[in-house]
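Residue numbering begins at 1 within each chain, and the chains themselves are lettered A, B, C and D in the order written.
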Amino acid sequence: MADFATIIQIWLAALFTIWIYSIAFRDNVFFKFAEHTFVGAAAGHSLVMGIDNILRIGWGNFIGGNYIYIIVFILGVLLFTRYHSDYFWVSRFPLAVLVGIGVGLMMRTTITSEFIAQIQSTAGMKLLGVDTWTAFSNLVFIIITLSVVYYFIFTFPKMHGGGLGIISTIAKYGMMAAFGYSFANTVLSRFNMIFGRFDFIMSTWLPLPYAMIALPVALILLIYAMIPAERRPWPKTQK
Amino acid sequence: MGKESKTIWDRLEDIPREVLYGILIISFIMPMLFPIGFPVPISPEVKRWYDTIDKLPNGSVIMVDFGYSGGGEPELGPMAVAVYHHIFKKGGIKVVAMSTSNEGTLLFDKAMAELNPSQYGKQYGVDYIHIGYITGTESAMAAVGKDIRATTTTDYKGTPLAQYSIMDGVNEAKDFALLICYTTGGDQSEGWVRQWYTTYQTPYLCCVLAMMVPTMLPYQKAGQIVSLTSGAQAGQMELLVHVPARGIKSADVITITHLLCIALVVVGNIAYFGKKFSGGKQ
Amino acid sequence: MSVVFKRTLPIVIVFATAMLFILEFFVTIPGIDFKSAATTVNNWGIILTAFTLAFGAVNLFIFHGRHISRRTKGQWPFSLWMLIVIVIFIVIGVSSGVSSGQYTWLYNASYFALSATVYSSLGFYMTSGIYRALRAKNIESGLLLIVGIIALARNAPAVASAFPPIIPWEAWLSAVPTTSAQRGIMIGAALGALALGIRTMIGRETGFLGKLTEAEKGG
Amino acid sequence: MFVTGRIFALGMLVVIWVFILGGMELAKRAMPTFRKLAGLDALPEMVGRAAETGKPVHFTTGLGELNTNMASQLVAGLSVLAYVSELCARDGVRIVYSVYQSQVMPLATELMKAAYTSAGKPEEFDAEDQVRYMSGEQFAYASAVQGFAERERPAANIMIGPFYAESMLFAETFYRIGSIQLAGTARGYQIPFFAVVCDYLLIAEEIYAAGAYLSKDPVLAGSIRGQDVGKLLALVMMIVGIILTALGSSALINLLKM
């Protein structure tokens, strides 16, 4: 038997789950409550993890003898000048360091991993000396890749005029097929997530004492909350 | 068009969403109440993932990124657990984990509770460890790849790394034989390709939400990812490792709900074409 | 202070920092230790990012603080509750630590359950989207529909067992049309990302500077 | 001096740098011409339909902030907003922009006002009603937009910008109430939903092209020109590589690996 704290935890998690799902049917006050809890929890958790990193990593390095970290702490605090109407520009300096790191790390590897490596892999595809089916598949692959790259060329309008329009059509067909595949995979992902919540409700919450009684009560309250205030049988509103 | 002119096709197309959602909920609940135990075929990516870990030499150290958020836990958690089962069963491999998602350490605890490493005689700090959530996503990957201790000197609980024997001689990306990432974010799954594979050529196994698989496919095709799987394939991994758990449990539900989707597409299109051919314009 | 200091200097910092990482990766110059410089700056970046994680909470305090002080009808009690939730997280997270039992309890009772549910709730909308919108209206949507149905069927484990030919069909759709189209998009997007990086480095993309004064816009 | 295995990449980076800067310099002298974008061509028709039915047009640029890496998508969305506002002003259609980012409000108001002025009807623009701040939180914003959709039943819905999980929610809701929809985003995970549900689509990079074309900003247009030359180079490399591979030579692959 789970201890009391765990039981409370399960009840809370279960109620939040039901309240959030209610939005699929209609907006209501329980959803609003759960949603505000969600936004608050996300912001709170993120802040707490930030503090954890500052203490565990930054402070750890500092007391480990890396005194230069004091500069980082100062820069970090300066980030918050963005909320000041006159001195907001001070936050640009630490932010510039962050942006510079991001841009530098991205540029130096994107050129290889998303550009050259992709070109290299396409260029190495064999059309001769392989079995017919592989050759056909490779040919389809090459045609779609080339035509999609071609499709996204915008400033040479002549490249899309006349008979050349066929290339864009092929590209579009290729992309639509890809989107169909992605769509099906998204269904799988979302359903897996729903399964996770339903599984929690059915195998963790409902076996607890009173949960079977609480479920219909919660649902009735929800349906009630979905009815617009003026049409509710009780309590009667003035307006 | 008045209400009276509604044809059967119109009615079919306009089924209220509450009805659709109701059917969906029922198709989730029924197979959970009455499990059928549908078979699950193993796909080549999962087999390739399994083989990659199986072939790791004794004494290898691997890096695992718990880069997913709570939202993706139902999908990615079972996969992470099944793979840990495999690694611990095989033995002789040290697992260093980190997180690029701020919920990663909490989800790591959850996974370890489900896994129970002590059943394999594995000890925290000796056979596996978690060096914590490190902010910055790609900056974190780059920093850890260059020099772990310059980035963090403690594990996720704040205990100095020096106290753990697993960290002896483990300093940078080059010390790792394999990289595994479970993630709900494209920044993570793609970031590892850029910051570790491109820079250090570390073999990379990547497990993402099924919806992210298509955008990651070109990396696998170009050889930058050894095996790309979705968390939805966790059931297959559980079968290979012989530890049936949450992943396999979802197989029935996923089958029924997907059949429902196919049925909905078919009915929807019948309504559409029915309307079209019966002169829906009126 | 001058525009040079407020506007140009940040751009110079961006350029220099980015250049340090680019040089470290591509060249080795005897006598210059790019690696340790880059390692230091990289680790600074991590700590600075940790500071930015507070922005979300600060923004909420500013925005919802206004709702509370104005007693916005139908909103302020929720705003107040939201801020209370943030405070609870901070107090427990900082006093007990993020790997403590108390914090784990709080996380599992609220954030974990909520975020898992919020993102899964989209599954409902998808179902109705599938029913209403997935139509073979023309060749394009027909292709999307056929590929979608085959992939849906393959994703149902029992369908794949009962009808094994669907496995190679789906594998082909994944390996050929999907991968190739995504690769085409990826090559284009890589150029887009590089162009954005270049524009940022030379100060033509100034979004990160926040609001610009009139004098700064003139630059 | 140079790190082996990365020499070609460095060279390529320099070449692309030259393309982008060159593109921007040339664009300052003469704007590049753009190919037709099917999604943009549909806009006058969509606004026309709204005029016939007397219902409003709804516009959203999704989430993302002006000071993050989503800014370029947001800016592209705002350029389209300015264009659509002008069309709406001309046809006497009410256009409502749902705002997520409070920082965007003044900018959007200015843009729409300018659009109404250039259509010769500045007095018809009502900022209070037409630029609506919905919420700064994803799902609160989503439910506010949904509420608007169900109350006012817009004839057309245009969504261009960085979209996240709310994309499906919007697309489904507006489809259900019968709005004709144009959607575009460069966030790869969301494009499939738009492709399934919406009538017209701007795929990925197309939104930047649309934004640059409509805003006539030489920096953006020139940058796209530079990228186009980069794409041509990629195409040439792939074609040459495929031919060489077919002939049994791996010369190009070896060069790329340099």
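Rule of thumb we're sticking to: a residue touches a chain if its C-beta (ideal position, glycine included) is under 8 Å from a C-beta of that chain, and two chains touch if they have at least 3 such contacts.
Computed from a predicted structure; not experimentally measured.
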Q: Considering only mean CA positions as chain centres, point out the chain farthest from chain B.
A: D
Q: Select, from all pairs of chains, the pair with the highest number of C-beta pairs in contact.
A: A-C
Q | Interchain centroid distance [CA atoms averaged], chain A/chain C, Å | A | 6
Q | Centroid spacing, where centroids are CA-atom means, of chain C and chain D in whole angstrom | A | 18
Q | Centre-of-Cα separation between chain D and chain B, whole angstrom | A | 31
Q | Of all residues in chain D, the ones touching two or more other chains | A | 6, 9, 13, 16, 69, 139, 176, 188-189, 193, 195-196, 203-205, 224, 231, 234
**Q.** Contacts with 2+ other chains: residues of chain B
**A.** 17, 21, 71-74, 102-103, 134-136, 139, 142, 151, 158, 199, 210-215, 218, 221, 232, 254, 258, 261
Q: Mind pulling the residue numbers of chain C that touch at least two other chains?
A: 22, 25-26, 40, 42-43, 45-46, 49-50, 53, 97-98, 103, 107-108, 111-113, 115-116, 118-120, 122-126, 128, 130, 132, 134, 141, 144-145, 148-149, 152, 155, 174-175, 178-179, 182-183, 185-189, 191, 194, 198, 208-211
(Q) Give the list of chain B residues in touch with chain D in this complex. (A) 17, 186, 211-212, 215
(Q) If we count contacts the way the header does, which residues on chain B are in touch with chain A in the complex? (A) 17-18, 21, 28-29, 32-33, 71-75, 102-103, 132-136, 138-139, 142, 151-154, 158, 190, 193-195, 197-199, 209-215, 218-219, 221-224, 230-232, 246, 249-250, 253-254, 257-258, 261
Q. Can you list the residues on chain D that touch chain A in the complex?
A. 6, 8-9, 12-13, 16, 32-36, 69, 137, 139-140, 143, 147, 189, 191-193, 195-196, 203-206, 209, 213, 221, 224-225, 228, 231-232, 234-235, 237-242, 244-246, 250, 252-253, 256-257
Q) Which residues, counting only chain C, touch chain B once they are in their complex? A) 25, 35, 38-40, 42-43, 45-46, 49-50, 53, 97-99, 103-104, 107-108, 111-113, 115-116, 118-120, 123-124, 127-128, 130-132, 134-137, 145, 148-149, 152-153, 155-161, 164, 167, 171, 174-175, 178-179, 182-183, 186
(Q) Using the touch definition from the top, list the residues of chain A that touch chain B in their complex. (A) 24-25, 45-46, 49-50, 52-53, 56-57, 60-61, 64, 101-102, 105-106, 109-110, 112-114, 117-118, 120-121, 178, 181-182, 185-199, 202
